[in-house]
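Please find the structures below.
First subunit A sits with subunit B, and in the next complex the same chain sits with subunit C.
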Partner chain A sequence: MDMQVKKKLGLKEKYALMTRNLGWEPSYEKREDVYPLLDYEGIKIHDWDKWEDPFRLTMDSYWKYQAEKERKLYAIIDAFNQNNGHLNVTDARYINAMKIFLSAVPSLEYNAHRGFARLGRHMGGVGPQVACQMQAIDEIRHCQTQIHSISNYNRFYNGIHDWKYMNDRLWYLSVPKSFFEDACSCGPFEFIIAIGFSFEYVLTNLVFVPFVSGAAYNGDMGTMTFGFSAQSDEARHMTLGLEVIKFMLEQDPANLPIVQKWIDKWTWRGVRLLTIVAMMMDYMLPKRVMSWKEAWEIYFEQNGMSLFKDLARYGIKVPDCVEQIKKEKDHLSHQAWTTFYAAAPMTNFHTWIPSDDELDWLSSKYPDTFDKYYRPRFEFFREQAEKGERFVNPNLPQLCQVCQIPMLFTEPDDPTQIAYRQVEHAGEKYHFCSDHCQHIFEHEPEKYVEAWLPVHQILQGNCFAKGDDPTAPDFNPIASVMKWWHLENGKDNGDFAGSEDEKNFAQWRGMATSNT
Partner chain B sequence: MSNVFIALQTNEESRHIVEALLEDNPTAVVDEQPAMVKINVPGSLVLRRTTVEEKMGRPFDLQEMQVNLITLSGHVDEDEDEFRLSWND
Partner chain C sequence: MQIDLRTVSIKPLRNTFDHLVRRFGDKPASRYQEGSYDIQADANLQYRPTWDPEHELHDPGRTAIVMADWYAFKDPRQYYYGAYTLARARQQESAESSFEFVESRGLLAQMDEATRALALAVLMPLRHAAWGANMNNTGMCADGYGTLITQPCMYHAMDNLGVAQYLTRLGLLLGDVTTLDAGREAWLNDVRWQPLRRLVEKTLVTQDWFELFVAQNFVLDGLLYPLIYEQFVDKHLNAHGGAGVSMLTAFMGEWHGETRRWIDSVIKIAAAESDANKALLTEWTRQWRGAAVEALSPIAQQALGDTAADVLATVDQSFNDRAAKLGLTL
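So, the complex of A and B:
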């Protein structure tokens, strides 16, 4: 008998069989009942089969490569722990950057998982359904590996003993948390533009690439590994984000103004969110790969603009906020670090005044602004600290109703003037850090009046420790809020110099490098 | 002309992929960063399976690159023989 030898399937053929052919048209239910979320945002899709997934990754290959990534990651995490890898970091100050990252990011990954799982169900074509399902699984993998990674550090260092509890309560963590909750409460098309395009394509490189490369440079093998393992999925996510925008714009010209509005909104929302990453890169990595400004120029100004140039053929314009962003890149990280330094008793990490070498590095990287506006502030803080009068801002700040960041940003053309915007809506006043956050509010006030703003909640008396009596004569509101956050002032925060973290690290490193 | 780029974790597999990229893209510029290597090419980039296989001395599936990939920029087009990145500007 002649054996018919079948040729191995080509990539395109395999993708067609194992992805596109998995879909079917409903016969006894109406299509709009099966996919009820596709119309209300105004996006018109005429032919879901026009969708192309450029990676053509099928589920069998997906599982194979993801399993290999996990094996590599956990082998390294084991090695990191077996070798007390946390003691190899350049300087224990660095671990405070990890405290911020691990307090904020796992819940973002989890919300990204929720969002993409919903899209995997609700997108109207099998190509995007499969791509969104894969991304949903990626995101929960990132969440899990980051939660596992917390235990590499919180066994030894203070401030991240109760990350999930704090993630729902601690003031600055409401910034990233509300960003993703904002996205998850959008319709499916806005969600994918918000996260798939604006966040993944335009901004995620700035979170993971120079910062994680910086972790490697600072001897933190654990973070480098989970960071790059997560990032290896991002290339696929970015490609999905780019594909989705092309698909929406090619399907109907009426989609353009809707998509443009979302790009404008989410580019700004994302840039505001990255303020804290700017600070981590410029102030919290003892050895620096590049400044925030340099990373910004490579990944946003060069790469992001290549993208907008490419999309110009569909009529997409560079968002207006880019003009302001250009002006802010010289200021952002310095304004954020001075704010956190002054808020020392209300965080879950340590701060410090940069050393002379570090101040010189900042001067050289920010020649137009650092010596003029920021160096004198740090020198003043240092003088105060040396006199035993460490500078602390004891006030609760006004928060922006949209990005939830304290009013710390200055006017785009006047770095000596804090920017405030205010509008009235339904008889109430609302406050904003910028024109762009104000415009986002004005477009959807019903959504943003619902924001859970930590400072407002504290002032309303909703954030005091159980059993504390706010009417008692010796009631200390800040101490009570700290207790409610599960934070111990001075142990979990404050100056790095003299902290338990500093003492322990020095002692353990001493034990690791000598016999006494 | 805008650059496309691809960034990989530095390891033994990526070393061969980078060698293949440099051979197939004469205008490529290598940017080495801690733990990663980024290849920038004006306009478009191609990675050929046969070139990687020659460097590695073993059969290579282009999708294996997923394991070591960090980031990329440009439109992706992939089949079993070539992985391409390009901008349409």
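So, the complex of A and C:
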């Protein structure tokens, strides 16, 4: 028998022994060689031991809890697939929201995975290193469970058959791609403010609520279950984001202006990225959860603002861009959907004109703007379509050098005027959708001149299918670019009405619900 | 007898994603394939990383190893996150019952004081070595190229942390906080541990991530785990009433056996790719093996006394045999 009476260790003490007690100060190698990334961004950390663990999870419990969640999730995905669950969604238009999700989001999660691995190696203390490592492994979970939840849709519907290839090439997907590659190419402190704080903490609800609640509202049990299963991971990620920002601000007053600049930048970058989510909520879910404007008001104007109130004691101010976002909330989704509708031949999902019911819903949710500015556009589109002259924008749009979104946003105070900003740098002209994107560029022009802008690349001839000859008399540049994107013309793109998706869904649902 | 249950059967338009069809042909893909192949961005990367402007964000040029296809490194365990956590959850369950069993039967009391002290003296400093391995594998995940090899590095890193935490629990069970402190003190200052710490710190500043893979996973742990967990714990301590310790470190032995299959496959595939790769791997293995054997020898001495030199020679020899089987000529 062990006769010693041992001092009972507290949870916090025990966790410290399981984590930070494992590290040591190197003496055979220089600390700055072991941790070479800590100084160059100008952030000053004096005492890594002051780090407060945002959660305490040892590996054995991590494996146990996560495996339980995985077991449940995959059981439900399997059942959903086996039972042709895709035929139980509200209406096949819904599946287009999942096409956007798969095209854009797993790649974001993947980059977060690699980015947090970098921090897991390079942060200056075991506490934050372990927290970042757990996020790194969680993020690959999210990437993979998303692919696995949605892959069955690919077997039955068009548009996502080459999602990863398209993610590196297709025009609108450069928006999410450039966002995360921007963050991953930053130093460790900016990365964690960008992703851990601005994205995970301030904006995550605005991604999760639309997609996951959207799935729940529209009968998509697979995606819904993925979302619920990721929720407890997300809660951990949010507490990490908050802890990091407090830690940086408490360590040295000189960190404040740097952190503030990053918050300003990444709040704006994040909100611009959410444009497509706004559109998805208001236009693509047959059964709506709430309007984008309502989501924005709850999750940003109420919850987000109370967070900024908490941070005010450190001197953090609400980012300036919030004023503009407030003005845009009445316009954003409508401007985005009309842009995608007009670009329908070049997207890997289908678009449509909202039904009368849906137009009325939009009018009621956006009483100040919809009837005045946007309903007439949809009525015009509909008239054109009925005449057999479906409206298509024949031009390649100009893209913003920073957010890479086509110039579709209007002036904050004039919804009839498209906003353009222009800056000259090293003899070249650069264009922006807004003051905020312009300021981001002006602060780091050497970074943003490197942007891979799809439209520029197309115009420079870098996006034609292999073997196509641009000098041939019958060369069709658009067809060649679509081929290079691996976009199947007539199947992946264009109107939902008359699409193979529409036809197949109706036929299969018939087979599953009747005897004819 | 089979019961013929029916579901409405609809013929799908396609079996799987195009990038998998291009690799494996037009057939249904496994979850490992869907979740791993080609999912790292590999075209039109947007900005040069500020932390390494010489390279792109994901860049095969961060190692001297050259591969025509970085997705050649199929993990023989086919671990994606779900398969990985399920495997580890089963192992932690059996580790948990070992801890319970050892505690409830008072198995540790069978050891005499000298054996107990020796077990702790050898095992406690290794918490820190495992942390070094964790940092290195996390770094390989960050710097590596292609999900097929970066993904298992992340799992391996978390396993290294798990090992450090099982050792911590063992220390607290067999001793108390001062036991951990003593191990730490030895890691930092005891002359017998300094060669190993020096070596681990050298891995922490090694830039080429594939060389680091060779140094940490293939060579150092390829020698350390057999020496410590097979030879010292399972044989030596067992023979001196230390079966309890052997039960508490069962995870490490089992884990080393499992992960070895993956590590061997990585070395084998990279070596088979080209003579240049093979020469590099041979050179790295030779250098790091020499340093590792030297660093482990005072620890072997402390652990095994008179038999240390023979045992270490045996471990070294079986490592060389292993390397030879993978195509390296040391």
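What we mean here is this: the second predicted complex is superposed on the first by the 504 of 516 C-alpha atoms of A that agree within 3 Å, B and C clash if a C-alpha of one lies under 4 Å from a C-alpha of the other, contacts with A are read in each partner's own complex, and residues count from 1 in each chain.
Please note the rule applied: a residue touches a chain if its C-beta (ideal position, glycine included) is under 8 Å from a C-beta of that chain, and two chains touch if they have at least 3 such contacts.
It should be emphasised that the depicted structure is a prediction, and the values quoted were computed from it without experimental measurement.
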When subunit B and subunit C are modelled together on subunit A, clash or fit: fit
First (subunit B), second (subunit C), both or neither touched by A:D182: second
Touched partner set for A:I137, first subunit B, second subunit C, both or neither: second
Which of subunit B and subunit C A:G23 touches, first, second, both or neither: second
Subunit A: partner with more touched residues, subunit B or subunit C: C
First (subunit B), second (subunit C), both or neither touched by A:L57: first
Angular separation of subunit B and subunit C about subunit A, which is computed from CA centres of the superposed model and rounded to the nearest 10 °: 80
Which of subunit B and subunit C A:N158 touches, first, second, both or neither: second
Which superposed partner A:K309 touches (first subunit B, second subunit C, both, neither): first
Which superposed partner A:A92 touches (first subunit B, second subunit C, both, neither): neither
Least C-alpha distance (whole Å) that remains between subunit C and subunit B when both complexes are overlaid: 14
Contact residues of subunit A, present in both the subunit B and the subunit C interface: 68
Sites on subunit B touched by subunit A in the complex: 2-5, 7, 9, 33-36, 63-64, 66-80, 87-89
Touching residues (chain side subunit A, partner subunit C) in the complex: 1-2, 4, 6-7, 9, 14, 17-18, 21-24, 26-29, 33-34, 37, 40, 58-60, 62-64, 66-68, 70-71, 73-74, 82-84, 106-107, 110-111, 113-114, 117-118, 120-122, 126, 129-130, 133-134, 136-137, 140-141, 143-145, 147-148, 151, 154-158, 160-165, 167-169, 174, 177-178, 181-182, 184-188, 447-448, 450-452, 457, 486, 504, 508, 511-512
Interfacial residue positions of subunit A with respect to subunit B in the complex: 10-12, 54-57, 61, 65, 68-69, 72, 205, 208-210, 212-214, 216-217, 224, 228, 231-232, 234-236, 238-239, 242, 289, 302-303, 305-307, 309-310, 312-313
Subunit A-facing residues of subunit C, complex: 7-8, 10, 12-19, 31, 34-36, 38-51, 57-58, 80-82, 85-86, 88-89, 91-93, 95-96, 106, 108-109, 127-128, 130-131, 134-135, 138-139, 141-142, 147, 150-151, 154-155, 157-159, 161-162, 164-166, 168, 172, 176-177, 180, 184, 187-188, 197-198, 201-202, 204-205
